[in-house]
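As C-alpha cells, here come the structures.
What follows is a pair of complexes built around subunit A, which joins subunit B in one and subunit C in the other.
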Partner chain A sequence: MGRSYLLWMGFLATVMAVGYSVHMLDFPAGLSRDVSWGLHIAQFTFFVGVAASALMVVLPYYIHNMKEFGRITLLGEFLAVTAVTVCLLFIVVDLGMPHRIWNVVFYPTPNSPLFWDVVVLNGYILINLVLGWKMLEAEHQGAPPPFWTKWVMYASLPWAVSIHAVTAFIYAGLPGRDLWLTALLAPKFLASAFAAGPALLILLCAILKRTARFDVGAAAIDKLSVVVMYATITVTIMQVSEFFTSFYAGIPAHMHSLQYLFFGLDGHHALTPLMWIYVVLLITALAILIRPKLRNDEQTRLIGCAAVFFAMMIEKGLALTVAGFIPNPFGRVTEYVPTWSELVVMLGVWATGAFLISLFYRLVISVKEG
Partner chain B sequence: MSMGATILLFAALCAIPWIGVTLFGMHTLFGVVIPYIAWALFVGGVVCRVLYWVKAPVPFCIPTTCGQQRSLSWIKPARIDNPFTDGAVFIRMLLEVLCFRSLFRNTRSELMGGPRLTYYMEKWLWLAALAFHWSFLVVVLRHLRFFLEPTPAWLVILQYLDGFFEYSLQAVFASGVVILLSVTYLFLRRVMLPDIRYISLPADYFPLLVIEGIVVTGLLMRYFIRVDIIAVKQLALGLATFHPAAPTALSSLFYIHLFLLCVLISYFPFSKLMHMGGVFLSPTRNMANNSRAVRHVNPWDYPVHVHTYAEYEDEFRDKMKGAGLPVDKE
Partner chain C sequence: MSLSRKDFLKAAVCTIGLAPLAIMAASSARTAPDPRALQGASWAMAVDTTKCTGCNECAVACHKGHNVPNVGNSKQEVKWIWQENYEGAFPELSHNYVDEGMKKRPFMLLCNHCENPTCVKVCPTQATFRRPDGIVMMDYHRCIGCRYCMTGCPYGARSLNFNEPRDFLKEINPEFPTRVKGVVEKCNFCEERLAIGKKPLCVEACRYQALTFGDLADANSEIRKLLNDHPSQQRKLSFGTKPKVFYIV
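Moving on to the complex of A and B:
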C-alpha cells in the first residue's frame, strides 16, 4: 500500500476534479431533439447491471453456503455500492437542473418507472452498505453478525433483480421506441449484468492479487467464471433471438434500429464499427470461456473476462440507449456521437467509482488480513 | 437540576423575550442592551478563560498518542499520531479540529456470549458531531452578511453552494437542514439512550436545547414565518457600528432567536462549550511526544543548586591528582 496507493488516489482525485470542472463549465453535449439520452444514461444503465451482479456472489455464499465465496462476497457487495454510486452520479451529470433533484422525492410520481428506479437504487445502496458493513464488522470482531442482517440479506436478493428490471422497464415501457419495446429487454439486461459484473469482479480480484497480494482463492474465481460463461451464452442467445424475430417476421420498425447498429441505415453508420468490435469481443469471450482449459488458465481467463466486460459496455453502455432513438419517429436518422466533454465527465465519474472501490477494498483487505 | 427543570428553563427563556416584546414593547432592551451585554460577557469570558489556561503550568510532557514513537531508524514511527516535531503537532491538531479524529476512534463495547468482550466501531456520534459543527460554522458565516455591507464575494459563493438545492423554487440551505437533524440527534442521544442519560448533566444537554431553539426559530423565519429582513440588517449593522437602533417592525420570533443566541454566548465561557478554545490549549494534544530527545523542564521544580561532576572536579582536581585518581581535564 503506502506511497503507490496514495499516488493512485491522488491521480483519481485529479481526474475527478477535471471531470467536475468540465461538467460545471457546461460544454455542449452531442445530444439533440431526436437523441435525448446519450452516453451518460447508457453508462448509468450499464452500471446498474454491475451493481445487480452482486447477486452472483451473495446468492451462492449466503443461500447455497458455498464457502469458496467467503473472501469474494464482501468485495462483490462493496462493488455493488460503488456501482450504484456511479449510476447515481451519471444521472446527476445528465440532469439539466440538478438543484431541483429533491423534487423527485417531494413530488413523487409512482406511475413512472423513473420514480421507482430512484427508490430501488437508493434502497439497494443502503442495503449493501449496511450488509457489507455489518459483515465486515462481524469478521473484524470474530463474532456473528446481528440476527437482523439475515433479513437484510434476503431482501437484497430480489432487490438486486429489481434494480435492473426497473431500469429495463424505463426503456421497455415506451411504445414508439421499437428497439426497446420488447419483453426480452429486462431478462437480457439481467443476463448481460450477470456476465459483465462478475467479469469485472474477476478482473478486480486479479488486480488485488497483484497490487495488494490479496488472493480470494482460485475456487471462487473458477466458479465465478462459470457464471460469466453461462451468462454470456444467454446474452448471445437473446441477441440472436432479437435478430430472428425482427428479420424473419420482417417488422420494419424492429429491423431499422438493428440495421442502423450493425450495418448502417440511410448512409449513417457512426456506431457500426463499435458494434462489430462488440461481435468480435463476444465471439472471443465465448471461445475462451467455453473451453475449460482456457477458462481456468489465469491469463486467458482475464482476456475472456475483459472481452465480456467491454462487449457489454459497448452494447449496453452506449449502443442500446442511443439506437433506441434511431431512426426517429419520422423515420429519419439523427446520429449521436459523444462529445469530448461528455467523455471527460464520464472519465470523472469512473474515477469516482475507482476511488470509492479502492477505499472500500483497502478497508476489506485490512480487516481480512488483520 | 433534572431534565424537566431544564426544559422548563428553556421554555422560560423563550417566553421572556416574547412577553417583553409583545406585551411591554421592550425592543431596545432585547434588540440592543442584552446583545451588547451578552457579547461583552462572551468576549471577556473567553479571554479570561484562555488567559487562565495559558498561564497554567504544564509540569509534565503528557501528549496522548496512538502510534509508535520515533525511536530507532528501522522502526516505522506514526508521524502524525505520535508527533515528534512541532510541524507534526500542528498537522495532528489541524486534523483533530477539522475532522475530529479522536472521536472517530470511538468504540462501543459489548459483552458477547462466551463471555467475550468485543468493541464495535461507533461512528454515529462522530458523524453527527462533525455534521453539526461544520453546518454550524457555515450558518454562522452566512449570518455575517447581516453585519457586512457590501456582502463580500466569498460569502455570496458560500451562500450559493450552501443553497444549491431548490425546493418549491427557493433555495434551501443544506446547512440549515443538516444542523437541525444533527443537533436533534445529539439532543435525543443524550436524553433517550438510558446509559447516556445516566451520565448526562444539564451542562450536556442544556446548550443543545438552546441551539435547537435557535435553529428552529431561524428556520421558521427563513422559510415559514418571514421577518422583515431589511430591518434585521439595519439592527445588525447598527450593533456592529455602535450606532444601535432597535427597529419596532420585527416580530417576537426574531427576538426569541436573538435572545436564545445571547443566552448561548453569555453561557459559553462558563461551560464546556469552551472546548472551542480548550482543544488548542490541552497539553495532551498540543505537545510533541519527544521526551526521549528533548528535556521537558517542570516549571514547578524547586530551583535546586546542582553540583555537577565538572564543578566537583574543578574543586578537587589537585587533591585527585595527588591521590593518583584519573581526571577529565588536566
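Moving on to the complex of A and C:
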C-alpha cells in the first residue's frame, strides 16, 4: 500500500468529513421559493450522465468484440457505479427530510419520474456492480465468467440509456418550465453524457498511467476520444438548435431562460460569465478533438477532454437546472448563486466519489496486473 | 421434543411481529363524516377583483389560522395566499398598454387546486394528492422535501419550510398543526373547516365579498351564478392544468 495512496485517501476522507458536517447545518441560503433546485440537484443530473457513459466502453468490447477495450471496460463499469453513488448522495444531501427517503420505496408512485429515477439508478448500480465484480473475479481466476453475465451486460445497455432518459423526463414534462419543456432534452442529455463521461474516463486513465503505471493502451483511448468528439459535435448542434428555436421564434416565454443565461434578463446576469466560459470551452474542445493530430496527441487530448468535461459540468451541472426557474411564474427574476456551504458539501460528495473510485481502480489494477 | 432457546426466540419474535397486523385490523374502524360537513364535488374559488381593495385581511386570517410562519426573508417566504399585480398574475396577458385601473388592481393568488395538477403527477411519494372533491392535499408526514412539486407547479403556489416554522410564529393556533423544516406546504382550501361546515378563512375574513367559494358541480351555487353573470379569466390556462380559481375582472 503506497504511502502516496494512503495520503490521498486520507485527504479525501478529510474533505468528506468537512463536507458532511457542513451539510448538517442549515438549508443552503442560496435556494429560494422561486429557485427550489440548485447546485446539488444539478450535479446529480450531471453525474447521471457520467454513469450512463459506461455504455460507451461496454458496447465496443462486449458487442463489437473490439479487444483493445479489454483493459478499460472494467474501469468504465466501476466509474458508473461510483457516479451513480455520487448521484444518490447528491439527492440525499438535497432533501428536506432525508430520513424519509424510504417513503419512495414504501409508497411507489408510477406516475412520478422521480420514483422511476430512484428505481433505475439503483438497478444500474446493481447491474454494474454485479457485472464488474463477476468480470474481475473471472480475470482473477483466469476462467471465463458465468454465462448469465452476458444477459446482465445486455441489460446494462438500454438501462444506461434509460437512467439518463428518465432523469431528463424529470425536467421535460413540466408545463411551467419552458427551458426544459423540449423533446430535445433527453437526446441532449444523452449526447452530453457521452461527451463528458468518456472524457472523464480518458482523464482518469491518464492519471492511472502516471500514478499506478497502468496503461489501458493507446488503441482504446484513441477510439474513445472519437466517441467524445462525435458526442461533443452533437451537443454543439443541439445547443445551436436550441438557440435558433428560442431566438428566431422570439416567443418571450421560450426565450427568457436562455436570455438570462447568456445575456442577462432585467438587469440580472449572475451566470452570464460562466455561460461564455462554457462557450469558449466548447469551441476549444471542438478545435482539438476534430483534428486527428491534436486528438491523438496525449497532451492536447487531455486539454480537449478537460474542456469537454468542464463545459458539460457548467451547462448540465449548474446552468440548466437553475435557469429553468428563471424567470419565476410571475415573470420576475430571482437569482441563484451557489453558497459556500453548498460548494463545500459538493466537494464532500466529489471526495466520496474519488474515494470510491480509488478503491475500485486499485482493485482492478491489482487483479489485472496479476 | 426439546425446543432450543434459539428456536423459541425465533418463534416468539415472529408471533410478536404479527401483533401490529392484529392491532391494525382491530383499529380499521372508520370514522363517520361530520353531518355539518359541506358537501361538494368540485370545490372552486372566485376572486372578484372589481370588489377587492387589497386590504390583505384574507391573507392575514389564513396565515394566522394555519400557523403559516413569517420568516422575514422574501426569498424563502412561506405563503398560502398573497397579493400580486396584473402583470405578475397574468404575465402572458400583460402588454405595454394595460389601463391604469388594471395596473393598480390587486389580485389575490393561491393554490389553484387544479383538476389536472402537475404537483400531484410528479410527487414521488403521493405526499400531495387530489381528493375526489377536488382539493389538492398535503401530507406533511410523508413529504420528503424533494421540492419536485414546487418545481412542477406552474403557478408558484407552493412554499418550502426552509426554516423551522415555530421559530417564526408569534402565536400558534392549537387547532391546526404546525409543520417542520423541510416540508412543503400550500393552501388547502380550508378542508379542516369544510369538514365542520365552515367556509374558508379567507372568504370569511373578506369584508367586501370579493371571495366566493363553492361547488362548480352544483349549477345553483353562488359561484356558478357569479361565473355565469360576469366575465372571468384564469391563470395560465394553456397548460391544461384546469385550475379552479377564477378571476372576475
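One rule holds in what follows: the second predicted complex is superposed on the first by the 366 of 370 C-alpha atoms of A that agree within 3 Å, B and C clash if a C-alpha of one lies under 4 Å from a C-alpha of the other, contacts with A are read in each partner's own complex, and residues count from 1 in each chain.
Going forward, a contact is a pair of C-beta atoms (placed from the backbone, for glycine too) under 8 Å apart; a residue touches a chain by one contact, two chains touch by 3 or more.
Every value quoted in this text rests on a predicted model; they were computed, and no experiment measured them.
S.K.: Check subunit A with both subunit B and subunit C modelled on it and let me know: fit or clash.
M.R.: After superposition on subunit A, which the two structures share, subunit B runs into subunit C.
S.K.: Would you check which partner chain A:96 touches, where first means subunit B only, second means subunit C only, and both and neither mean what they say?
M.R.: A:96 sits against subunit C, while subunit B stays out of touch.
S.K.: Using the superposition described at the top, determine whether subunit B or subunit C touches more residues of subunit A.
M.R.: The partner making contact with more of subunit A's residues is C.
S.K.: Considering only the touch criterion stated at the top, classify A:141 as touching first (subunit B), second (subunit C), both, or neither.
M.R.: In the superposition, A:141 touches subunit B alone.
S.K.: Could you look at A:249 and tell me whether it touches subunit B, subunit C, both or neither (first, second, both, neither)?
M.R.: A:249 sits against neither subunit B nor subunit C.
S.K.: Who does A:24 touch here: subunit B (first), subunit C (second), both, or neither?
M.R.: Neither partner.
S.K.: Considering only touches as defined above, state whether A:114 meets subunit B (first), subunit C (second), both or neither.
M.R.: In the superposition, A:114 touches subunit C alone.
S.K.: Is A:36 contacted by the first partner subunit B, the second partner subunit C, both or neither?
M.R.: So A:36 only meets subunit C here.
S.K.: Under the stated touch criterion, which partner chain does A:176 make contact with: subunit B (first), subunit C (second), both, or neither?
M.R.: second
S.K.: Quick one: from 6-14, 60-68 or 186-194, give me the piece of subunit C that collides with subunit B in the overlay.
M.R.: None of the options clash except 6-14.
S.K.: Going by the contact definition given at the top, which residues of subunit A touch subunit B in one complex and subunit C in the other?
M.R.: 100-101, 103, 106
S.K.: Which bits of subunit A are touching subunit B when the two form their complex?
M.R.: Per the touch definition, subunit A meets subunit B at residues 99-103, 106, 137, 141-143.
S.K.: Which residues of subunit B touch subunit A in their complex?
M.R.: Result: residues 112, 116, 118-121, 164-168, 172 of subunit B touch subunit A.
S.K.: Residues of subunit A touching subunit C in their complex?
M.R.: 26-27, 31-34, 36-37, 91, 94-98, 100-101, 103-104, 106-107, 109, 111-115, 118, 170, 173-177, 253, 324-325, 328-332, 334
S.K.: Please name which positions on subunit C make contact with subunit A in the complex.
M.R.: Touching subunit A: residues 75-78, 84, 87-89, 91-92, 94, 118, 121-127, 142-148, 150-156, 159-163, 181-184, 236, 239-241 of subunit C.
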